[in-house]
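Here it is: the structure, laid out below.
Order as written gives the chain letters A, B, C and D; numbering starts at 1 within each chain.
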Amino acid sequence: MTVRREPATPVLTVEDLSITFTQRGAAPTRAVDRVSFEIGAGEVVGLVGESGCGKSVTALAVMGLLADRNVEIGGRIAYAGTELLGLPRKRMRDLRGADLAMIFQDPLSALNPVVPVGRQITEMLSRHRGLRGRDADAEAVQLLGRVGIPDPERRLKEYPHQMSGGMRQRAMIAMAVSCGPRLLIADEPTTALDVTIQAQVLELLKDLVETEGTALLMITHDLGVVAGLCDRVNVLYAGRVVEAAPRHELFGNPVHPYTTGLLRSIPRMDGDRGVPLNPIRGSVNDLVAWADGCAFAPRCDRYELECLAGTPAVTELPGVDHEHRCVNPPGTPAVVR
Amino acid sequence: MVRYVVTRLLQLIPTLFGLSVLLFIWVRALPGGPDTALLPENATAADRERLRQDLGLNDPIWVQYAAFLARLAQLDFGHTLRGRAVSTELAERFPATIELAFVAMLIAVVVGIPLGYLAARNRGRFLDVSAVGGSLIGICTPVFFLAFILKEIFAVRLGWLPSSSRLTPGTSYTDITGLRVVDGIITGEFHVAWDAVVHLILPALALASIPLAVVTRMTRASVMETLGEDFVRTAESKGLTARVIQFRHVLRNAMLPVVTAIGLLTGALLAGAVLTESVFAFGGIGSFLFQATQSRDYAAIMGTVLLIATVFVVVNLVVDLLYTVLDPRVTVDR
Amino acid sequence: MQLRRFRTTTALAATAALLLTACGGVGDDGGDDQTFIFGVPNLPRSLDPIFANDGETFRVTRQVFDTLLDHESGGNEMVGGLAETWDVSDDGLTWTFNLRDGVEFHDGETLDAAAVCANFDRWMNLPEPFHNTTVAYYYNNLFGSFTDGESSTGNDFLVGCSADGLTVTIQLKETSANFPGAFSMATTAILSPGSLEQIDDGAFTGIDDGLPDYTQDVTGILAGTGPFQLDSWNHAQDELTLTRFDDYWGDPAGVSRIVFKAYDDETALKQALEASEIHGYDLVAPAHVAELEAAGFQVPTRGVFNILYLAFQQETDEQLADLEVRQALAAAVDRQNIVDSLLPEGGVVATQFMPDTVAGHSDNVTTYSYDPDAARPVLEGRTMEFCWPTNVSRPYMPSPRDIFESIKADLEAVGVTVQEKPMEWANYIPAAASGECPLYILGWTGDFNEGYNFLGTWFANHTDEFGMNRDDIFAVMQRAAREGDPDARAALLAEASEMIMDELPGLPISSSPPSIVFSAEVNPPNVSPLTQEKFDEVSFR
Amino acid sequence: MNLPGTATKAAKIDRLAELSVSSSDVRGRSLWLEAFSRLRRSPMAIVGAVIVSAFVIVAVAAPLLAPHDPTAQLWRGDVFPNRSIFVGPRAENPLGLDHAGRDLLSRMLVGARQSLMVGVVATLIGLSVGALIGGVSGAAAGMGRRLGRAVDSVLMRFVDMLLSIPALLIAISVAALLGPSLTTLMIAVGAAQVPIFARLLRGSMLAQSRSDFVTASIALGVRRPKVVVSHVLPNSLGPVLVQGTLTLATAIIEAAALSYLGLGSPDISRPEWGGMLADAQRFLGSAPHMALFPAVAIIITALGFTLLGEAMREALDPKLKK
């Protein structure tokens, strides 16, 4: 897949990233397969796909949070020009939290249940910004206020289980942005929340990106989230990017049957009543190895024998910054060999 | 909080009441009787009958129980076959068991938690395998045999440590709390404190074997589970130092089940004391129960079991209360 | 918080490591020149001898209190105690004791006849709770006389005691084989009049309320005339300490202090001895004797003064009513093997129901030798029930289980099917006494040198223990019991013993001395067949 | 689609099937099969299973394997305990003789049978009584009516009370009550396990009854007792099975402790390891082999059951699935 170049150095560059899990006594599993994308300052990039497609693993790899053992990582990850893979552990630790921050899906399990929320924020402040005691507390109060938590002084001393889900996620965001990171990764930040809260949280994130110029990597399975937030979208299937395009292009002109399927399975308020939803049949467990052909073939309506003739090549739609990996895209007649 | 404590303490009463009924029924159902232990070989049937009368063994059982309960209310557990008040004996001997159990638990915690933690961090490596293997063998070795072997090797053969008792026989000391080490330090009789410490090592090691194994494995499992928790990943994502992550985030959470286990281990510890103390003639309530069992000393057995059960329940109450401090999610009005 | 905790633990670990390397010299304190530490299975039940009936209590009280008569050191001959000389009237009813002059009690009072009579008066005036063997076993059996009420034993031997300067006269109602032995029993030790004044026997309400405090407390109430006086009793440490009495009438004790220290079992005692924590203990398991001797400990051999027997209950098992069967059983059991492999050194195969050192022993009893071939035709194919006691050790049978196994193997070897009935001691004794067990093993240790003390225990009349119905034997025994003259009594007992061994109500197996051990650093006392060692004879080398 | 170059539908399906790496072989299997397959791969389970099966084989075949009569004092003349003369391992008696001149190897082999019996019967007693109490309690609580809750509460109070007495003390109490015998040993050790099994089964049943599929069954109108029997109980068996295996180890160790306390089986013709060990302790100085072999046998056997039990626990624990 060709890499799109911005004039300025992107905040994050991921190039040909491959992640393989090896386990004694079992065949190695490739979770991420030559994924490439980049994010510029103030840009929001979406990584979309069903669970198990490798999007979270990609995020963890960027954060350097994958275990040392039983994992092989190939390709490169660069943060503002700094190569992250192979960076000394200590340096990586310094970057994490300060420059790269992450928001997790379930704030209840992602927050330490036995440490007050305030403490979980101030420990970051003291680690990366050298703030201690009262100064740190004051800053934490300010942060909590900024993410829209009422009565932040009191909340500081509360434990995660004492807060509502939305509050917890706001606290999580406050924590993530506390040290002014240049790259923020949000892993399904709204999945565990009520719909009304989802919108608020997304709004908050959007606001942060706009005011701070933070680069945001948005990981989600929810195209609705993508539609409201992302500048550019990468659709992942079975560890590979199957389609990548700017938001409007993707929604306006989806090519890959998987993307089409995802779009079709969104319930629409404005849709005609009586028209059934159109979920993608089968599950992500029905696979074909990418080396043999298109992994999506078993679930694809447009499957043809050609789909299984080796790894599908990347096709670039000219002029619209749109790439896909489909052998038999809609709108084209069946490819004649 | 106060209300919670009071409620929990009140809950003790039916438990102890039930326990006393159970024990009482059990004790009266025992074969033989205390009479034989008190009489010489050629005592006549009349002698025996007379003794049974004296001991109240011929009264209706509910009369015996009522008398027992009335005394219990005054902390009077009756008299041993040797003519002393059970409560006096227990008061004299309990500190020995407390001291021993405390040191054993200390060994289990001080060795077990770091060991279990390191094993979890080095899963599958040599340290882990040997810690797990060692603790499994520890659990599978009969305590009395371990005690016996320790004693035979370190006390009898090598002569490094004393074989029995809490102090060298004939040592004079000042008694304040009944805890020899503590007393020795308070009164400045450091040689007594030292002597007591030396006498504690072998029995405490033997007694610690099972708690140590349990604490090690518990810590290992708990740390391993905690390491996989989302909040640890969060902590990592925050770039916190390894020390903060390990202590504040991993250990702090991993210790919660271990604390419960420690509370539950008190029971095992007190039961183990019966086996360990008798091997080392330690003279605590374990030795006392051992001898009472051998001589069918009803009052002594009942008093001791009641004491052990009470201690066990109270310790677990304390653990529960401690839990409310350690784990904010647990509230007292649960 | 956690950090601090971990620092503490490191410090503790370091301390522990230090401990392990630095405690080489344990037990050195125990070797204090003047303190003799003796290990015991348990401490006294009561320091007031009248309450006691067990050897471990008397072991201690014997060092503190003296009796009118005593046994020679290391033997079983009756000698003077507090009485230098004594005499008995021809009818055997008036005993006169001439006390030593200048004997002082631990509390400073002087011994005279009045002091002795004060003790007899106390016993006779004991209130009702004492009138049974539960509380005052020996007094009820030996004397049984009370001014107010009767003894549960029905005994009533004593008329009274009269004092005249240093001369004590004890008047009896009838003769008994128990005299003069009764005057040597540790239970009849003489306490100082001052002690007696402080003891309030009326306050004793019964054993279920426990013993009076003074019986287990060393508060200066109890004063005797012995070589040691009570010093302290530490219940929490299971230690009872005696100190030397400097005004003792005899030779002063060789050590200034004795500590009796209780251990939970014999193995613990052995290990404490090996670890130099104690200087000696009694009732060494036979299996440990050779081991201890080899390690340089002193195991002096005692004279034998007990009997172990295999009882044949003739009424419970009809087979055993047949003399031929009883004789065959006697021939089937390899008693020599039991003595050789299971009993302490000095043990002998018994020929009758008393050891050969006791007056009344007969050399003319029928003996039975090991002859399995002769036993087999009689016993083959028979089935017999055999009881044995678990978890107990007695001076006459150190390990009942081993002895039972040996006998069982012998019986099986001649074709008997043995149905074993293991019982706990607490059940065993009543079961044996009530005739529940056809075959069982039991024994007896003598209180003093008197054949009747042995034979009278079993064969004075019909008992369910043996189910023997021989009125002729009982008649001889009754005459022996009433015979005041020791020699005539011995002759009667010898006659009875011969008749008994013909009847064979049980098979006497062995007389074996319980072993006592001392560390190499002490000069041990003369060991006594009656297990009445005098610890004032102990000194350090 | 009959264009040249395009394949038939059947060919397409075949090709797909050929290349499909779907992981359906994992999905389709039951919890038990999956647990078993995990068990087979666990070294802990393998070591445990080897020990346990060796032990069981020895125990069952003991009379055939024993070279001598385990109760006959065949070499009585060679052994003199009172003179510290014992016979250690030698050609004709590979493990030596005991203090009465009996072949120790034969006694160990026969002892395995007794120990297994004590372990199995004790576990069955603990399990059945505990399961009865726990099952009734759990079912009663699961039904949720007032009576059910009362039954549950009374039973659990009782169990809690038992739990507040350490297991060994319960065993001591029962053994003292019944008098020493092999049967007593089994009952005593089993009784000590009753509260544990009761709690376990009740807890597991309650957890199950709160689970979604039970709620669903009830919502679908299945009668509650039927739900308990057909859904809750079978799913509670896993932890009980694990505990049962672990209890076998505990039983063997606890039996030894009771023997040490003098509450073991006094039956001489049927030796049991714990009793042999306790009895041999007095000869430790001169005949260490007498204590050593039973001790090692107890430790290894208990270890075998523990390893197997732990491995089963891990295999059945969905949280540890990877």
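What we mean here is this: a contact is a pair of C-beta atoms (placed from the backbone, for glycine too) under 8 Å apart; a residue touches a chain by one contact, two chains touch by 3 or more.
The model shown is predicted, which means the values in this text are computed figures rather than measured ones.
Participant: In contact with subunit A and with subunit D at once: which chains are those? Just list them.
Facilitator: Where subunit A and subunit D share a partner, that partner set is B.
Participant: Count the C-beta pairs in contact for B-D and for C-D, then report the pair with the higher count.
Facilitator: B-D
Participant: Centroid from C-alpha atoms only, then distance subunit B to subunit D, rounded to Å. What do you get?
Facilitator: Computed from C-alpha means, the inter-chain centre distance equals 25 Å.
Participant: Can you compute the centre-to-centre distance for subunit C and subunit D, using the mean CA position of each chain? Integer Å is fine.
Facilitator: Subunit C and subunit D have C-alpha centres separated by 48 Å.
Participant: So the centre of each chain is just the mean of its C-alpha atoms; given that, what is the distance between subunit B and subunit C in Å?
Facilitator: The answer is 37 Å.
Participant: In whole angstrom, how far does the Cα centroid of subunit A sit from the Cα centroid of subunit C?
Facilitator: 89
Participant: Out of subunit C, which residues touch more than one other chain, so two or more?
Facilitator: In subunit C, the residues touching two or more other chains are 391, 424, 427.
Participant: Where does subunit B touch two or more other chains at once, residue-wise?
Facilitator: In subunit B, 31, 152, 248, 252, 290, 294, 296 touch at least two other chains.
Participant: Touching at least two other chains at once: which residues of subunit A meet that condition?
Facilitator: Residues: none.
Participant: Can you name every chain pair that touches?
Facilitator: A-B, A-D, B-C, B-D, C-D
Participant: For subunit B, which residues count as touching subunit D in their complex?
Facilitator: 14-15, 18-19, 22-23, 26, 29-31, 136-137, 139-145, 148, 152, 225, 267-268, 270-272, 274-275, 289-290, 293-294, 296, 301, 305, 308-309, 312-313
Participant: Which of the residues in subunit C end up touching subunit B in this complex?
Facilitator: It is residues 2-3, 6, 9, 12-13, 16, 19-20, 23-24, 26-27, 29-30, 32, 35, 37, 42, 45-46, 53-54, 129, 132-134, 137, 152-153, 206-211, 215-216, 235-239, 241, 257, 259, 261-265, 268, 271-272, 274-278, 391, 424-427, 429-430, 433-434, 442, 444, 457 of subunit C that touch subunit B.
Participant: Which residues of subunit C touch subunit D in the complex?
Facilitator: 266-267, 270, 285-291, 294, 337, 340-345, 390-391, 401-402, 404-406, 408-409, 420, 422-424, 427
Participant: Under the stated contact criterion, what part of subunit D meets subunit B in this complex?
Facilitator: It comes out as residues 157-158, 160-161, 164-169, 172-173, 176-179, 249, 253, 256-257, 260-263, 274, 277-278, 281, 284-285, 291, 295, 298-300, 302-303, 306-307, 310, 319.
Participant: State the interface residues of subunit A toward subunit B in the complex, per the touch definition above.
Facilitator: The touching residues are 60, 63, 65, 93-98, 101-102, 104, 106, 109-116, 123-124, 127-128, 159, 161-162, 172, 175.
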